[in-house]
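Next up: some structures, all given as structure tokens.
In the two complexes that follow, subunit A is the common piece, with subunit B as its partner first and subunit C second.
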Partner chain A sequence: MKMWKIGLVLAALAVLAGVPWYGSDVLIQFGINALLLAVLAQGWNIIGGYTGYASFGNSVFYGLGGYGVAIAMVQWQLPFAVGMGFGVVLAVVFAVLLGIPVLRLKGHYFAIATLALSQVMTAIVSNVGIAGQNIGLVLPPLNNDPLFYELSLGLLTIATLTIWGMTRSRFGFGLIAIRENEEGAAVMGVNTTLYKVMAFALSGIFSALAGGIHAYWVTFLDPASAFDISLNVKMIIMAVFGGPGTVLGPIVGALTLSTISEFLSSEVTSIAGLFFGLVIVVAVVLMPRGLADMLRRMRKMGWGYFIENIRAHRL
Partner chain B sequence: MSSSHTGFLSRLFLLLITCVPVFAAAAQDVVLGASVQLIGPVANTGRYYRDSYQFAIDKINAAGGVKIAGQSHKLVLKLYDNQSDVNLSMRQYTQLVTEDKVNLLLGPFASNFALADSAISEKYKVPMVQGGGASDQIFARKFQYIFGTLAPASNYFGSTISMLKLLKPAPQSVALLYADDAFDVSVAEGTRPMLKQAGLNIVLDERYSTNATDFNSLLSQIKSRNADVVLVAGHETEILNFVRQAKSLEVAPKMYSFTVGVPSEDFRKALGKDANYAFGMTPWLPSAELKDRWFGDAEQFAKAYKAKFGYDPDYHAASGAADVETLVQAMEDAGSLDPQKVRDALARIKFESLYGPIAFNANGQIELPQMVIQVQGDNVVEIYGLKGLIKQPKYPMPAWNQR
Partner chain C sequence: MKALLEVRNATRSFAGLVAVDSVSFTLAPGEILGLIGPNGAGKTTLISLISGTQPPSAGEILFQGESINHLPAFRRARLGIGRTFQIMRPFPGLSVLDNVAVGALFGRGGGQPKLARAREHARECLEFVGLGKIVDKRADELGGPDRKRLELAKALAMQPQVLLCDEVMAGLNHAEIDEVIDVIRKVRDRGISILVTEHVIKAIKSLSDRLLVLHHGEKIAEGTPDAVLADPVVIEAYLGKKRA
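Here is the complex of A and B:
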């Protein structure tokens, strides 16, 4: 990365980190939400963007992270940090146990297998006594939005640095190789099963941490809100809109879409409901490789970029 | 990117702030803020709150508004649509308090929203009266600024169980069935100790999955264990299936009671004659006995409401209208708009409304008993209420082939 690019990213980070000092309470709350969504999009980026396995079940990790924190804090009276750790353990165990059978499936079959995960987890957790069954758990309130904001920003930074490091490691190249040609990767000596499960687990860890922060912040968790299906769709749209398989794309996607969605929902509420649907259609037809790719190639090709995409996909 | 993103938002807020003077211009107005579900999965019921809030506010304004320390103030409603999104609703309540500077808060619909949003009212110390969340959890946190007018979930069968003691021959055994959602599980948890206290024997205690269609095995268990009373906490379609299958299996306990369905006309239409003898409950009926300062009584409220919105108000709507009245009453009692003083007035409030007597316990929850009702012929009849037996119940229920 060139020096000016690093400088730009650091400047953006400084601006974001300063929000609690100059932003309003509403902006901080919006920021927490947008940053957590960005973490989810980044988490999805690892398994969906780099490895090419479109997981529709990442909200399960988010829910497990939330339950880790809620169970530790409410049932065992442990500190928040321990709960986050517990949530991560839950997510990793789940990723490994489930990843080994499910990651053998490819393409649509993998997507379908993960699609049902959220509902299955809702049904399971509804019967677990320690998780409060259907009634859910109420966490002790902590009125410190700036803290939650900085935690979310910190988590996003760590997730992004991890992905950045990953892209220059053997592991990252292995994942890209799997995405491009799994058999080829295996022939080249990539342990595909291990790599895929690790990618799934890594994606799960970040999602779980985001879920943990969210649970403590909202102070209430029940199966329906923890394993929210719409979250799956949102994180994928954000990652794909921004640019899957790029380091900064999912963040750009998450922050832009959150902002537009927020604006629409306070100004023209009836359109807001349609918004994510429209984004999917437009993004898939005109810019299937995301904002990052569009920005890069628009400079060379101009408006021809969109026509090229439409033609390339024979729509 | 990031800086332009925050810049965009701050411009957005500037825009919103410039909207506020519309309300501030009429300096003396009292602004009540709320965020309810106008679209999304729970919007159907969410809209009742928008309608009932506005309806009550218009009525109170027509009667001169709220009188604080000898001065009349008009009420204004500042309403946001949270699109059935909990995170957005929290943000909108923060916006109402910090940017729009509303005086007091009205609640959202549904318990999970009320749980999250009550944390906002607590944080900024602005009282919220909500009529949309019945879960006992909302009030178990010892928050100081949340008050609720929906009858507590745990007490849904309370009045039914007190009525059981008056029945002859006295029922001995009870079957308790409940759906596996948060609300119905809370109902069951509250019901169990009351049944034990009443000396009734619980012969069946089963949870079934929401949207279940097959009750055959549960019904044969009810039959084989000889349950006199069957209490079902569930949803309308499940209860319709339950009654139809009870008929085809000829399972006729001495009585059965359902948490939902019985008060509604659709329920009776769907079951026809088979709806007969079913017990149910409602916290509210549009009866002329519920006197109200602004609407006269609940019957007139229901008539005016239907004329304006084209549908009959249910207890959600009545509860929402009562929330507005509760805040107005509290402001007048306190003689002030100061949130702290209004909160203290809310804690000791006591007045008659179209919804029933309003008063809160130490946790801020109303103690409103459910009225026991029964389908008798073509009518729904009030059987047992605050003052005891109102009409004779048809008990025991005759066998299916003897109707």
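Here is the complex of A and C:
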């Protein structure tokens, strides 16, 4: 990576880290949500963007992370950090137990199988006493938004550094090889099953940590909000909007779309969803491979880039 | 000489159709064995049975005297069995260099864990097959002949002991075929055993030490190229009864 790029990333990080000092309470709260969504988009990026498995099961990891924190703090009176660890353990166990059978499925079949997972988890957790059944759990409040903000930013930084390191490692090359051609990867010596499960678990760890922070922040957790499938759709849209399989794309996608969504819901409250949908459709038509690809190719092709994409859709 | 690879009564059937029917042969170290037969004879299926991308219905595959039947494809790759695909399967989104680097990162013995070293090795392999000048191109920008070379370079980067080449010459013109034959000879000179399939007989005749002929999944002949190609059974399989 070039020096100016590193400088730009560090400057952006400094601006983001300073928000609690110069930003309003509303901005900090918006920031926590946007940063946690960015972590989820990055988590999805590992299994969906790099490995090529479009997971709809990542919201389960998010929910497990939330319940890890909630159960540890409410039922066992343990500190928050222990709860985060517990959530990670739950997510990894889930990724391994379900990943082994489900990751054998390819393409649409994998997506459909994972789609069912959050429904199943909602049903299961609603009947587990220690998780508060379908009533949910109320966590001890901690009124410190700047802390939650910096935690979220720190988690996003770690997730991004992990992905950056991954892209220049044997592990990352193995994942990309699986995405590009799984049989080709296997005959070259990639242990595809192990790598896929590891990618799923890594993806789950970051999603679980995001879920844990969110649960402590909002101090309430019930099965419907913990295993919300629309959250999974959101993280996919954000990762794909920014550029799946790139280091920074999902962050840019998450922050951009969060901002657009926030702006729309304050300006055109009742029909914000409609406009948001319109933004997504236009984005998919004009830049189907995400912002990262657009920025790369626009330099060479100029506005012709959009025209080519429109033609590719035969519109 | 002791066989490096031995196939014993390998059989593969798909819902009633027997694609490979009880085929046996051995491959010695440093040998080039040509596998020929008309389209649909079972050549690619036989290669898949050896590389582990398809399980055999019956029979046994031995590598260095040990059965590898139970091993998945990636373990066989790590033992030193490399293959190319007839329908070429580059990793389209990756550069030519990184396509080959995957082979170096994994491959025989688990491969080279350091990316920089793997890329260095990949560059050597690309120069070896004559793609040294276009290492930074994306793999899906390559034309047919260059893709064939890329397939070879990817397999070579694995540092295999056995290279299974599936129709690496199909669709190439005479000059390109000569170049590929040259590369395969150089690979053998490094001590690698090669199994090469082809349905154009002329190309493979000069290259192979021995020929094995498949027809409807069965082995119908095996021996030196001259003897095999003079065999009336082989001529009949290729040209039909009238000419034989």
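Here is the rule we go by: the second predicted complex is superposed on the first by the 305 of 315 C-alpha atoms of A that agree within 3 Å, B and C clash if a C-alpha of one lies under 4 Å from a C-alpha of the other, contacts with A are read in each partner's own complex, and residues count from 1 in each chain.
In this text, contacts are C-beta pairs under 8 Å (C-beta built on N, C-alpha and C of every residue); 3 or more make two chains touch, one makes a residue touch a chain.
Since the model is a prediction, treat every value here as computed from it, not as a measurement.
Overlaying the two complexes via subunit A leaves subunit B and subunit C side by side, clear of any clash. By the touch criterion stated above, A:Thr192 is placed in contact with subunit C alone, subunit B being left untouched. After superposition on the shared chain, subunit A has more residues touched by B, the comparison being subunit B against subunit C.
When both complexes are overlaid on chain A, the residue A:Thr219 reaches subunit B alone and has no touch with subunit C. Of the two partner chains, subunit B is the only one that A:Val19 touches; subunit C does not reach it.
In this overlay, which is a superposition and not a single complex, subunit B and subunit C have their closest Cα atoms 27 Å apart. Overlap of the subunit B and subunit C interfaces on subunit A comprises no residues. Listed in rising order, the residues of subunit B touching subunit A in the complex are 1-3, 5-6, 8-10, 12-13, 16, 38-40, 80-81, 83, 85-88, 90-92, 94-95, 98-99, 112, 115-116, 119, 122-123, 135, 137, 140-141, 180-182, 185-186, 209.
Interface residues of subunit A facing subunit B in the complex, by the touch rule stated above, are 11-13, 15-16, 19, 23-27, 29-30, 33, 123, 126, 133-136, 138, 141, 143, 218-220, 222, 224-225, 252, 255-256, 259, 262-263, 265-266, 269-270, 272-273.
Interface residues of subunit A facing subunit C in the complex, by the touch rule stated above, are 168-170, 173-174, 176-177, 179-181, 183-192, 245.
For subunit C in complex with subunit A, the residues that touch the partner chain are 51-53, 72-74, 76-78, 82-83, 85, 89-94, 98, 101-103, 105-108, 110-111, 113, 115, 118, 154-155, 158.
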